[in-house]
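To keep things simple, chains are lettered A, B and C as they appear, and every chain counts its residues starting from 1.
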Amino acid sequence: MKFTLSRRQLLVGFGGVASWLMAQPIAQAAKTAVKKVFVSTQAPKGYDPFKHKWLMCIDADRCIGCGACVEACKTENHVPSESMYFRTWIERYIIKKPAAGSGDARGEVLVDSPNGGRGGFPPSMVPRTDILKAFFVPKLCNLCEKSPCTQACPVGATFDSPDGAVLVDPNYCIGCGFCIQACPYGCRFLNPETHTADKCSLCYHRITRELKPACVEVCPGQARIFGDLKNPVENDPLQAFIRKNKVQALKPNLGTDPRVLYANIDKEVR
Amino acid sequence: MDPVSTAQAVNEVQTLVTHIDGYVYPNEQNLLWSVLIVVYPYITGLVAGAFIMASLVRVFSVQALAPAYRLALLTALAFLLCAPLPLLLHLGHPERCLEVIVTPHVSSPMAMFGFVYAWYIMAVLLLELWLEYRRDFVVWGQRERGFKGLLYRLLTLGATDVSPGALHLDERLSQTITIIGIPSAFLLHGYVGFIFGSIKANPWWGNVLMPIIFIFSAIVSGMALCVVVYMALNWVRRRAADDACLDKMGMFLFFALLVDFSVEALDWIHRLYQAEESIHVLKQLAAGKLFYSLLVGQLCLGTLAPLFLLGATQLLRERIAMWLRRRIYFISAVLIMVGVLMMRWNVVIGGQLFSKSLRGFTTFKLEPAGQEGWLMGLALMILPFVILGVLVRYFLPILPVTAAAGEPASAEK
Amino acid sequence: MTPLKLPPQILRLVLLTVTILGSYGVMRHMLRPASFGEYGHYRGAALEEIAARPPTYAGMKACNECHSDIVQKVAKFEHKTVACEACHGPGREHAKDPDVKNAKLNDRLCLRCHEVDEARPAWLKQIAEKSHFRGDRCVDCHVPHQPKETP
């Protein structure tokens, strides 16, 4: 008697759970249908992600540290305006002269990125005469071939898109932050408004509409070189950049195999 | 004010009121993981350790520990029930948590948590407890009335056969499950270490020794928890603790702590000798931001002091009176528990205090309230004890144990 | 009652295991999003959803549709690499409705690029604001669209 009781309860409970679960996809389907109708008027038409492979490269010698890219990125992607959330930012490297008679080739290295470089850099505290050399480096998602963030995501909410971007699905991300810890380049943050991971998407909503990413669009010095590796145009700037420069990737020792290539940066950049 | 000059004003202010030493990537200024992620590996570790303690009785036939056997298992269960809570609560979208088991990403250590956890709680701990208690459930179910009786009768799942043959089968099954349970407990906590150890981006975490360190610190903390709970329960019930059992627990605690200390020392020796690119920032971290929690808390108070105290009881057992030994065991156990909590803190918080650019440090502001505040962490640390209280009330009645301490358990062997 | 000759406790455990695994299977089947796994371990629909967000910056092509004269003029001078929206700000609203005006510009904008900084590359023309001749505004002496010309 006891046995039938517990089994009956089990079956009833099981049935209840199953029917609740069955109702879920119906509700979900209805929701996505509504969503599709709502957004489809704006979605880019006829874009096939398998026919493109996008890439951005950085020529540090062309970066003037104006911060227009940071500003544009924040506006374009609705990145929270606080100074601790950036999809792209600019770093200023100042390498001081070595102390006289020290026998060193170079002195102390100072790096700063006040407010991510948004709105430009205030004058450096280091006197001009103490500086051996200095330069700016724009940073963004390094579009790793073997991206540690994608590897770490527990649910498949971050992924390498077929056309070369590393994207976050904001409707699926659980906000655990593991990908943020896994990114060696500090390119990710937890968006305080959506409570999901956020990062450079190569302006996916722009490149699918034949527009350049916002940072590339506004960069006055053309430090950011953007292109489609599968469809090179005539005198393709990306191809020319890779051909003409000795390029390097950041933190190659980690085996993440970043696709973003940098030219004219110093060994101190990481 | 236009956006550009506003931005410049922000820059000026930022360089003034900065809590940053050196340079950190802008996105790293505030810590992402806080108290909850400190509590999570701590609780999980206590589970693994308590289970290992229990399995000493069954697999290695350490009969002296039998009085604490059931308590150790119930402790493991109480803490295991709470283990996923801090993880769940720290999520940005807790309502999406089922995704972890619906579409688990096999390459993610975190995705495997659901499965390792489910395996451990259902295939090991609950099964072990059920087999251990089945005979009692049947007996109590017949004796008790009302809710309690119903609960016991339900828990038999209808398997009411208590003939010697059936009990012998329980015993054999139980033995097998404990043997599976030991690697499972290692897996459960080794995997927690792997969550951190697999992050190659972070030199403080990404380390092959990490799972090993986590396993041994887990064993140490779980055993210490068993000592504390066992002594506290006997104190509450105004009964004398079993001295032989305490001495045995003290011995295992000492050796486990010794191994744990050696492994962590090995980790540091290895890091210092290899002296990779990150060693400068890690040295500064240990000597600066983590001075009190690492060197004072974890090393001196949490490891060296109990090693010394427990070592004394091992070397001079005959010369130290039992009442003093009891106090030494209790104090050492508490110190160890605090030390292991500090260790979790040093790993989780310490790993986020320095920049992955290896150029600077940020500061952690511990807030009382909020999702990641210390009040939440405290609540999560108290909850398993409350659950344990309930479990003890229902499943560890005073009478059968006082009738003859350890007798029912040893009779089953 | 049972045709199988299993001991009762094993039978209960087997039943329980089957129930748990079965409900996991059902749940997994039910909750998995429709487009999941279409291209990889993620929701295929996410690509479209992420692409659906409307842009804020219109791009040079849109500017060129009405202001081709200015675009062509700028292309002949030093500021040829500077896109319209680099200075004038996001223009999609303006492109959709010309009555929406872009923000007014001021001298800060010039200094953001041309104020001297050691980290700036040598090819860039730089001035030190304090020692540079101070008229009322930069545009009193310089024409942003044709930097070499004087007004």
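Structure notes:
In the analysis below, a contact is a pair of C-beta atoms (placed from the backbone, for glycine too) under 8 Å apart; a residue touches a chain by one contact, two chains touch by 3 or more.
Keep in mind that what you see is a predicted model, and the values were worked out from it rather than measured.
Taken pairwise by the contact criterion, the protein chains are fully connected, each one touching every other. Ranking B-C and A-B by contacting C-beta pairs places A-B first.
Per-chain Cα centroids separate subunit A from subunit C by 10 Å. Once the centre of each chain is set as its mean CA position, subunit B and subunit C turn out to be 44 Å apart. Averaged C-alpha coordinates put the centre of subunit A at 36 Å from the centre of subunit B.
Looking at subunit C, one finds that residues 27, 31, 33, 36, 41, 112 touch two or more other chains.
With touch defined as above, residues shared between interfaces to two or more other chains in subunit A number as follows: 7, 67, 119-121, 156-157, 172. Counting only residues that touch two or more partner chains, subunit B has 3-5, 8, 99, 103, 105, 157-158, 160. Contacts from subunit B toward subunit A in the complex involve residues 3-8, 10-12, 14-15, 22-30, 32-33, 87, 90-94, 96-97, 99-100, 103-105, 107-111, 113, 153-154, 156-158, 160, 195, 198-202, 205, 352, 355-359. Put simply, subunit A touches subunit B in their complex at residues 2-3, 6-7, 67, 71, 83-86, 89, 91, 109-116, 118-122, 139, 148, 151-157, 172-178, 180-190, 194-196, 254-255, 270.
Residue ranges of subunit B in contact with subunit C, taken from their complex: 2-5, 8, 98-99, 101-103, 105, 122, 127, 131, 134, 157-161, 166, 169-170, 173. Partner subunit A is touched in their complex by these residues of subunit C: 15, 19, 23, 26-27, 30-31, 33-34, 36, 39-43, 45-57, 59-60, 79, 81-83, 85-86, 90, 111-113, 115, 117-121, 124. Note for the complex: subunit C touches subunit B at residues 7-13, 16, 20, 24, 27-28, 31-33, 36, 41, 103-104, 106, 108-109, 112.
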